[in-house]
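Input: structures, listed below.
In the two complexes that follow, chain A is the common piece, with chain B as its partner first and chain C second.
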Partner chain A sequence: MMGINAAVEVRNLDFTYEEGPQILHRVSFSLPQGSLTAVIGLSGCGKSTLCHCLCGLIPQALGGELSGEILLQGHDISGRPLAQLAQTIGLVMQNPDLQLVTTTVEDELAFAPENLCLSPAEIARRIERVLAWLNFEHLRLASPHDLSGGQKRLLAIGAVLTLEPQILVLDEPMSHLDQQGQKLVKDALLALLKEGCTIIMVEHDWQIATFADNWLVMIDGRVSYFGPPADILQDKDFLLQHNLL
Partner chain B sequence: MALEAKNLYFKYPKGKKAVLSDFSASFLPGELAALTGANGCGKTTLTKILLGILQPQQGLVLLDGRNIAELTLAEVGRSVGYVMQNPAQQLFCTSVEKEMDYGLLNLGLSEEEREKRINYYLEYFQLSRHRKSFPFHLSLGEQQRLLLAAVLAMKPRYLILDEPTAYLDVYRRRLLGEHLQKIRTELVCGIIVVSHDRDFVGEYCQREVVMPGAGMVENHVDSPQRRAL
Partner chain C sequence: MTLFSLVKWDPRCKIILMACLSTLAMLRGEVWFLFGLLVFTCLLVMLGGAELSGALGQVKGLLGLIFSLFIIQCFFTRSGEPWLVIGGFTLITSGGIELACILSLRLFILAFSALLLLTGEVRDYLLALVQMKIPYEIAFMTMASVHFIPILREEALNVFYAIQLRGCELQKASWRKKLHTYLEICLPILVGALKRTRAMALAMEARAFRAYPKRTYLRRLVLKKNDKAILVAVPVITLVLLVY
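Right, the complex of A and B next:
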């Protein structure tokens, strides 16, 4: 059943990589508009695969056998071109090196909004906002490839934030970040939430994800829990049994 | 005996400021030391200098008393194992098994010994079921575990791990921490862990070397860990 005001609706999703094992098993959930959901689970449990499905990279770019339904803002994504989907949903990948394509920080931040054919004034507004969020004003002319691992991670996040997507998926955004970097990202996400953005954040470190509205706990490709973090954190036996603590 | 950085000065050709200036630190066999500091402060740069991948403009690195500028990368690599921040930059074989075997083969170990170490480390890091898999078909967390397994299997005298827990869940982080403690004491391995993971540093490291902030050139601070081991 479709959730009320659901920004993301996933129904009975099964996925198997070509010549590989089945990764997702009957995954179903519904995410309210303007909420932040943390996807929690051990490495290899299917978290990144789920992100790729939500953004249409699976099966369009990465192949594999997918069944079930994904609805974004009420619309089924099957058959919709990736470029069209990217106007609704933004993805920050786990590895920033896969995502940085230009020669300066400023160009990197401009790349996505330019491709949306936004006005120069609007592009400039978005760039300045993200530079301030990330405390990157002094790096605007630096080459992305000269940045440290943590700075690259922040830039890859910033480059997607300039899209101002209705739905934002971040795959382990806090890895490689120091405490200040983590706070910058958290504050930026909270600002986007206030604007109605729906955020899905994959995180293996549950302590970082306690500010999420909901946790979606995955075990071996299945959804084992969906709800507020406070509730599942009281069930220490469950978390210990699945090596999540 | 130590891996020592002495009065290092390093600036990238296009850099406006020095990344390291008059930086000195010693890392001892049998010690698990954390190298910490803000993003962009030069932690990864320092590890590359300690390995001889980058050459400092001033200062030197001594590996058990020998200046590494006089050693080849291969010679340094026999004593110092390195796991990079980004697993994708370090994997190049066509199967998990071959990736594990590559370093061991180059150490000239017997087939029996190689097989023993491969089995042990694949089992320990829960990768046995992926033995024949293509490494790039693994998740990033699994790739990181594979690299840790491959480098640990070589049993180097020193180990430099750049953000080794970045893609590890809490359970695998604990497995890694416990194994590092084991090789630190049993093999007297000197281990340097670059990390932002305060829990891991607090739990497993005996000493913390704090790098100054990005673009700053003050010397570092050595501090004992909050939990004595």
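Right, the complex of A and C next:
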């Protein structure tokens, strides 16, 4: 499965939190460019930990003992500063309320490019691009906390997209959203996919992730299945055995 | 009227004005002066474009505290002429009344001068602080804490309601029980706040926060002629009022 054109390649990843149990066991997979992969598994199986490893937050910000290799666009991420990684891989966390840190939509979108010391003209260009993509032009000066659940989630995605990463990781992007909100996010992800972005989406509810190209099923920190969802959905015994059905 | 329309003032002017009014309130100790300063501050707030109903609502919460401090100063300060003597025991003195008035006026001035900031946007004050050479991290954290106060308040109320829904009748409870309950409420709120802070820090790290020693800004505040005049005049007048 290891491909030369892989956007993400993970080899024999083990992770243990300081003075805690081992969370990830020999995790290996390879994701092609421009694909959408759903990481499926029950709560506590290591999905979010895997996301934090891919983005470099583990071990740089969260600590712990990590071994194995992670390659993004063919480059090993070990030793690369978070700021540099953020321009390759963007992370949208589970709760948008905790990621929206400013008082207007425009400032929220400006936050990341400002951190990268880009020129005001370039910051403005990126904001306009994301505002148009989100169809949020009319909400430019609105408070992020006044938006609906779906809009907040889209803004959290947009705020990461201003870094223009080639890979996007989303931790349960559909959770706590009604059907309309879920549709908004799903359409946005499909649009991103058309632009060539590689997307990794963590979901505990597999029914939401049927539109993904591949599923990576995790059980107790191990990869139990990696491939198209259609194949695993036929294996009812496997799904029942692991409480996924 | 443009000069009095605080909405159009540069945020730096409002911060300096607030600082000067607060300094005068703390360093001058005459009742007549403080009363005049309070009237001036109220007029500024009213003419400046702050929503008076909202402004008074913000100050209303302080009334209980100011009244309590007024009573304490009245009864516990023993200087000046006795004003109220009961059974040979002096209850209230002229010095007590004066000190209580000074303290109350000071608190009112501090509260009303802070209301001047309501005429602007939080994002502009953040920029103003940065352009006043305050490190971005400090300016950002100041604004973020102001931003998170209502969220923490809501969280506290949720815990409070949850405890009541579980059968704890706080209205009928003794003071000891109430105190114990409030202490119990503090723990989940504190834990929640810590979790929130950690998640926020992670989200900011993932968006390249502090990637470089400096950062750029989409917008820049530019001082107009009026603003420059205010930035010079207000500190000079304050200095004069402090000296004379």
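We take it that the second predicted complex is superposed on the first by the 208 of 245 C-alpha atoms of A that agree within 3 Å, B and C clash if a C-alpha of one lies under 4 Å from a C-alpha of the other, contacts with A are read in each partner's own complex, and residues count from 1 in each chain.
One rule holds in what follows: a residue touches a chain if its C-beta (ideal position, glycine included) is under 8 Å from a C-beta of that chain, and two chains touch if they have at least 3 such contacts.
The structure displayed is predicted, hence computed values, not measured ones.
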| item | value |
| --- | --- |
| Which superposed partner A:Phe111 touches (first chain B, second chain C, both, neither) | second |
| First, second, both or neither for A:Gly63, with chain B first and chain C second | neither |
| Touched partner set for A:His176, first chain B, second chain C, both or neither | first |
| Touching partner for A:Asn95 - first (chain B), second (chain C), both, neither | both |
| First (chain B), second (chain C), both or neither touched by A:Ile123 | second |
| Which of chain B and chain C A:Pro228 touches, first, second, both or neither | neither |
| Overlapping contact positions on chain A, where the chain C interface meets the chain B interface | 95 |
| Residues on chain A engaged by chain B in the complex (per definition of touch) | 17, 20, 41-44, 48, 94-95, 97, 143, 146-151, 154, 172, 175-181, 204-207, 243-245 |
| Residues on chain A engaged by chain C in the complex (per definition of touch) | 55, 57, 61-62, 81-84, 86-87, 90-91, 93, 95, 98-99, 101-104, 106-107, 110-112, 114-120, 123-124, 127, 159-160, 163 |
| In the complex, chain B residues that touch chain A | 12, 14-15, 37-41, 43-44, 85-86, 88-89, 137-142, 144-145, 162-163, 166-172, 196, 198-199, 214 |
| In the complex with chain A, residue positions of chain C that touch it | 121-123, 143-144, 147, 196, 199-212, 214-220 |
